[in-house]
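In what follows, structures are represented as structure tokens.
Note that chain A is present in both complexes that follow, paired respectively with chain B and with chain C.
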Partner chain A sequence: MEINAAFFVDLFLHSLSLWWVIVPSIFLGLIVGAIPGFSAANTIIVLLPFTLIMEVEVGLVFMVALYCASRMGAGIPAILVNIPGTAGAAATPLDGYPMVKKGQGQRALAISFTASTIGGLLTTAVALASMPILARVGFYMHSVEMVVVMLFGISLIATIAAKDTLKGLIAGFLGLMIGSIGTDHVYATPRGTFGILELYDGIPLIPALVGLFAISEAFLVIEGESILSRHGRERLKTGSWLQTIDGIKITLKKWWHVAWTSLIGLVIGVTPGAGAAIAAFVAYQQSRALSKTPELYGTGHVEGLIAPESANNGVTAGTLIPLLVLGIPGGATAAIMLVVMQYQGVNVGPRLFAEQPLLGYGIFMAMFVTYLLMALTILPMSRYMSRVTLVSTTYMSPLIIGFTLIGSFVPREYMFDMYLAFAFGILGYIARKTGYHVAAILIGVILGPLMEGYMLVALQKSDGDFLTLFSSPLGNVLWLALALSLVLPPFMKHRQRRRKGVFAEGEG
Partner chain B sequence: MASTQESGGKRQIGGELIIPALALGFTLYYISTVINSPWSAQLNAFLVGSVLILLVLVFFGLALREVLLGRATLGVSGLLAPYDILARRLGFMAISLGYLVVIHWLGFTLTTFVFLAASMLLLGGGRRPVLCVSAAAVMATVAFGVFVLLFEKRFPKGPIEQLVQALT
Partner chain C sequence: MITPQICSGTRRVSRRSLLKFGAAAAVLGGSASVVSRAFAAGFPERNIDIVVPTREGGGADRNLRAFTAVWKKHLDTNFEPGFYPGASGRVGYEVYMGKFEPDAHSLIFGNMGPEVLNWVVKEPSFNIDDYVYWGRVDTDPGCLFVGAESKLKTIEDVVAEGKKRKLNVGTSRLAHPASIGMLALADKTGIEVNLIPLSGGKKTVAGAVTGEVDLSVLTSGTVAAAGDAVRTLLVFNDENVLGEALDSAPTMNQHFGTDLPPMLSSRAFGIHKAAIDNHPDRFEMLQSTFRKVFEDPDYKASVLKGKGHWEYVNYGGVEECGKFKQAMLSLGAQYKPFLTGG
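Here is the complex of A and B:
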């Protein structure tokens, strides 16, 4: 079969004809993505018996659509009520939630959906066009390079700390310490576990996420009648479709920002073991570092919302590349897809595209069509979804606490995780009331253990020689990029200030 | 160092010391658990822990200087204010903690209902009791349907779960 433009057009139309699977999967994905503790992987496991009896193509399209939609769905509670449904959405509330507080919830959702859709469409198209090249990325990203990639994300702590350096760094390093609870990666020695067996696997992410963000927020917002300011409430009540249109327009205007941050997601997604959380934090950090207005990040800045949302949707296409091209699943959902494909007798790896091009390329085309259909089905809902924020805190706060505690139980089914979420909630509450940034703690908790894992592998390979971290050409390029992204923004700001000073003197 | 509350011209920084104190205590405990472990287990404790201890000591030093110079006190009003809702907030926290304790006896559905209804009544000052109880009942039923019946999550069982189990 010849792979040309006509082939892709036929494939597109064929994928479109599967709308009856894609549309229900989108809605299911949105719901499971929005519930903390649930994920596409959990849901696919629950529905695995159905997937196995479906025709292989339909089963895979169902899984792909559910996966994409759950990624987008996780952003909805992250923006509206400061509850990131998954670790991949942990960077979304940094600017999404402040927009909601200003009464721009509808606009924020429209920006998030549009950035996710464009990011998803673009990265799927890039994945389709350059699969063999992208599949090699995983081979070049070794432990040394991954240490630097992690540092890109962790350096966001320093950025957050810029407002109050000492407090920001204490929060970030406390997060890193909490993240290193659990058995060590080599000898499984328990560390900082207080003798609690449930902590031997490390700090579970969902209780940490919902505790630090949502539960602490629920204790805080009862100070007001609503999570919105009076002005924000008026603005939302009198809002029209214009906010949605404005959100779409503003995102389309920043298409270049969406493009490069989603490509960060794609490249990180291709690397086995790296995930949406890393992509979102790295994209946010880079977006801020290269911005002309870095001081606006964290206050409801459009680019601060676009970056994590396009990046975590870029990961979606990236995760499937090592699975389909090399037969290596890059994440939990990809691993389940591998099970389904093997059960149905489908050979993954390079032979898939030679022997069954309709299926191999079809999976990516289904992803492309899913994003198109998501834009049509979800964008109009942003106006109604944003109304959730009008609910009084009398009802909202108990609901947030109830459902986040339940959500923290769901992944491992340990009562301990509910207590842990509550403890993180209290920690988050104290941190917020006394001027410590909970996002800095969370970055440490999420990225700390990953960073430690890669660092240990790198050091073990080199018999404990720290210079190994500077031994790879690609790693050194990444080190240089990291140094530049940290040094350049303050330097540029200093130069800008000096210039302004010179002009002011000249005018005077 | 940012203050959290002004009081008679003096900043109240007691609340700000809680996170560093927790960080210091936890780091020392963490180091004590890895002191006799292989280097791979100690790596984080010494790389991250030593920096954290240093940061906390600097923070405490700055705080002490502020207090000694009479520019700050160890008050915690920044953490507790606004005082008019303090009782409600503490009550809400207690009910939330109570939810985790009582769920073992009353089971998932009934405890969720009691928690939601009690919290809503507390935060609303007892206003609209019918709405609070109805909303709690609807949400607890939805939670039971989704998490227990549909996804078969093994939440603690109570009278409602046992009744439904007996009926099905």
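Here is the complex of A and C:
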């Protein structure tokens, strides 16, 4: 079978004909993505018996559509009520939620959906066009390189600390300490678990996420009548479709920003073992570092919302590449897909594209079509979804707490995880009240254990020689980029201030 | 991540076949349950919980799914796996022993190789004789493999390279029979190796494929499932029963004239000893229906459909499992300094 433009056009039309699977999967995916604790992987497992009796193509399209939609759905509660239901959405509320507080919820959702759609479409197209090349990324991104990639994300702590150095660093350090709880990577010796079995596998992410962000926020907002400012409430009440259109327009104007942050997601997604959380934080950090207005990040800045949402949707195409091209699942959802494909007798790896090109390329085309259909189905809903924020905090706070506690329980079904989420909620509340940034704690909790894992492998490979971290050409390029991204923004800002000062003196 | 689910077969269904199947299942199920109740007072009264001490999507998940898809027919109940990964399998065992009632309605599906070695590294909070492996499903030997693009093409290349420099060897965890096989190879050939735990089979395969490590060691079933992405160079068993699926790699004993015992992982069902003592009739029913699965042609079909290896399917009862557990404890004691870093 010849792989040319006509082949892809046929494939596109064929994927479009599967709308009857894709559209219901989109709605299901949006729902499970929006519920904290649920994820595409969980849902696919629960629905596995149904998937196995479907035709293999239909089953795979169902899983792919569910996966993409759940990624987009996770952004909805992260923006509206500060509940990132998955680690991949952890960076989304940093600027999404402040927008909501200003009464721009509808606009924020429209930006998020548009950025996710464009990011998803672009990375899927890039994946289709350059799959063999992208599959090679994992051959170069080894533990040394991944240590530096992690540092891109972790350096956000320093950025946050810039506002109040001591408090920012204390919060980040606390997060890293909490992240080191669990058994060690080499000898599986428990550390800091206090003998609590539920902590042997490390701090579970969902309770930490919802506790630090959502429950602490619920404690805070109950002190007022609404999560919105008075001006914000008026703005939302009188809002029209224009806010949605404005969100779409503003995102389209920043297409380049969407493009490069989603490509960060694609590259990180292609690396086996790396995931959406890393991609979102790295994209956010890079977006801020290269921005002309870094001081606006964290206050409801459009680019601060675009970056993590584009990146975490870029990851979805990325994680499927090592699975399909090399036979190595790039993440949890891909691992479940592998089970289904093996059960259905599908050979993954290079043979898939030679023996069953319709299926191999069809999976990515189904992803492309899913994003197209998703844009049509979800964008009109942004206006109604944003109305959630008008609910009085008298009802909203208990709802958030109840909802998130259940979400904490779902992934592992431990009562302990509910208590843990509540404990993190109290920690987050105290941190907010005393001026410590919960995002700095969370970055440590999420990225700390990943960083430790990569660092240990790198050091073990070199018999403990720290210089190994500077032994790879690609790693050294990444070190340079990291240094530049940290040093250049303050340097440029300093220069800008000096110029302004000289100009003002000249005028005076 | 813990996700209860109900295992199911994979037959495609139409409305008519579904009705036929349902009617047949009702008749068969009814008759089976009559026999069951006569035999073990209505056991099982509910679904059987299966604790799996690893993540879903791996080899244990695949094996369990293939086995229970057929076993449920003979035991006339469904199985609900819960995945409790962490601390090299320790979490799953602690959860099973600490949180599940010893009433024979819950089982653990473990890997007798690496998970028994764990107890040598650090004793669990329970007495290791308080659970009993009683139903072996397979025996899967460890093997040494490289990525398809590795410049190490043969085991001789590995030995030659290992004499020039220390080789980085990926393994799913230190306390693993395949890791011990690798150490035995290093002892025999005088090569230097650095065993690097990569946390799980998928990452161990990825490590070899992408060149993160020079080579990896793992259970051969998982390696064979990786297909063309990897090349197997040595098998730690008396015979390479998978042949071409493992690139016709030689065994260590054949190639180096050693008498290394097979370095096997072996998946088996375990149960609380208290459940055996208090409910011998239930345990007998579990055992008898378990045995029937191996004689059922549907099981072979189920294994092959899941890309498993029928050659590794190997029935074992209480006695065989007990011997295996003891052998692993002895092996662990021998390599304890290495496993504990002491």
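Things to note:
Criterion: the second predicted complex is superposed on the first by the 508 of 508 C-alpha atoms of A that agree within 3 Å, B and C clash if a C-alpha of one lies under 4 Å from a C-alpha of the other, contacts with A are read in each partner's own complex, and residues count from 1 in each chain.
Heads up, the rule we're going with is that contacts are C-beta pairs under 8 Å (C-beta built on N, C-alpha and C of every residue); 3 or more make two chains touch, one makes a residue touch a chain.
All values reported here derive from a predicted model rather than from experimental measurement.
In the superposed model, A:L48 makes contact with chain C only, not with chain B. When both complexes are overlaid on chain A, the residue A:T434 reaches chain B alone and has no touch with chain C. In the overlay built on the shared chain, the residue A:L197 is in contact with chain C alone; chain B does not reach it. Look at A:Q460: by the touch rule set out above, it reaches both chain B and chain C.
After overlaying the two complexes on the shared chain, residue contacts for A:W20 are found with neither chain B nor chain C. Applying the stated contact rule after C-alpha superposition, one finds that A:Y187 touches each of chain B and chain C.
In the superposed pair of complexes, A:K167 makes contact with chain B only, with no contact to chain C.
Legend: residue contacts after superposition of the two complexes on their common chain; A:I401 is shown touching chain B, with no touch to chain C.
Residue contacts after overlaying the shared chain place A:W256 against neither chain B nor chain C. Shared contact residues of chain A with chain B and chain C: 46, 185-187, 189-190, 413, 460.
Those residues of chain A that touch chain C in the shared complex are 41-42, 45-46, 48-49, 52-53, 55, 138-139, 142-143, 182-183, 185-190, 197, 200-202, 272-273, 322, 326-329, 332, 335-336, 338-339, 342-345, 347-351, 411-414, 453, 457, 460-461, 463. The touching residues of chain C, when paired with chain A in their complex, are 1-13, 55-58, 61-62, 65, 82, 84-88, 90-91, 94-95, 98, 118, 121-122, 149, 166, 168, 173-175, 194, 196-199, 202-203, 205-206, 209-213, 225-229, 305-307, 339-341. Against chain A, in their complex, chain B makes its touches with residues 1-2, 4, 15-16, 18-20, 22-23, 26-27, 29-30, 33-34, 37-41, 43-45, 48-49, 51-52, 55-56, 58-59, 62, 78-79, 82, 85, 88-89, 92-93, 96-97, 99-100, 103-104, 108, 112, 115-116, 119-120, 123-124, 132, 135-136, 139, 143, 147, 151, 153-156. The residues of chain A lying in touch with chain B in their complex are 46, 164, 166-167, 169-171, 173-174, 176-178, 180-181, 184-187, 189-194, 215, 219, 222-223, 392-395, 397-399, 401-403, 405-406, 409-410, 413, 415, 418-419, 422, 425-427, 430-431, 433-436, 448, 452, 455-456, 459-460, 464.
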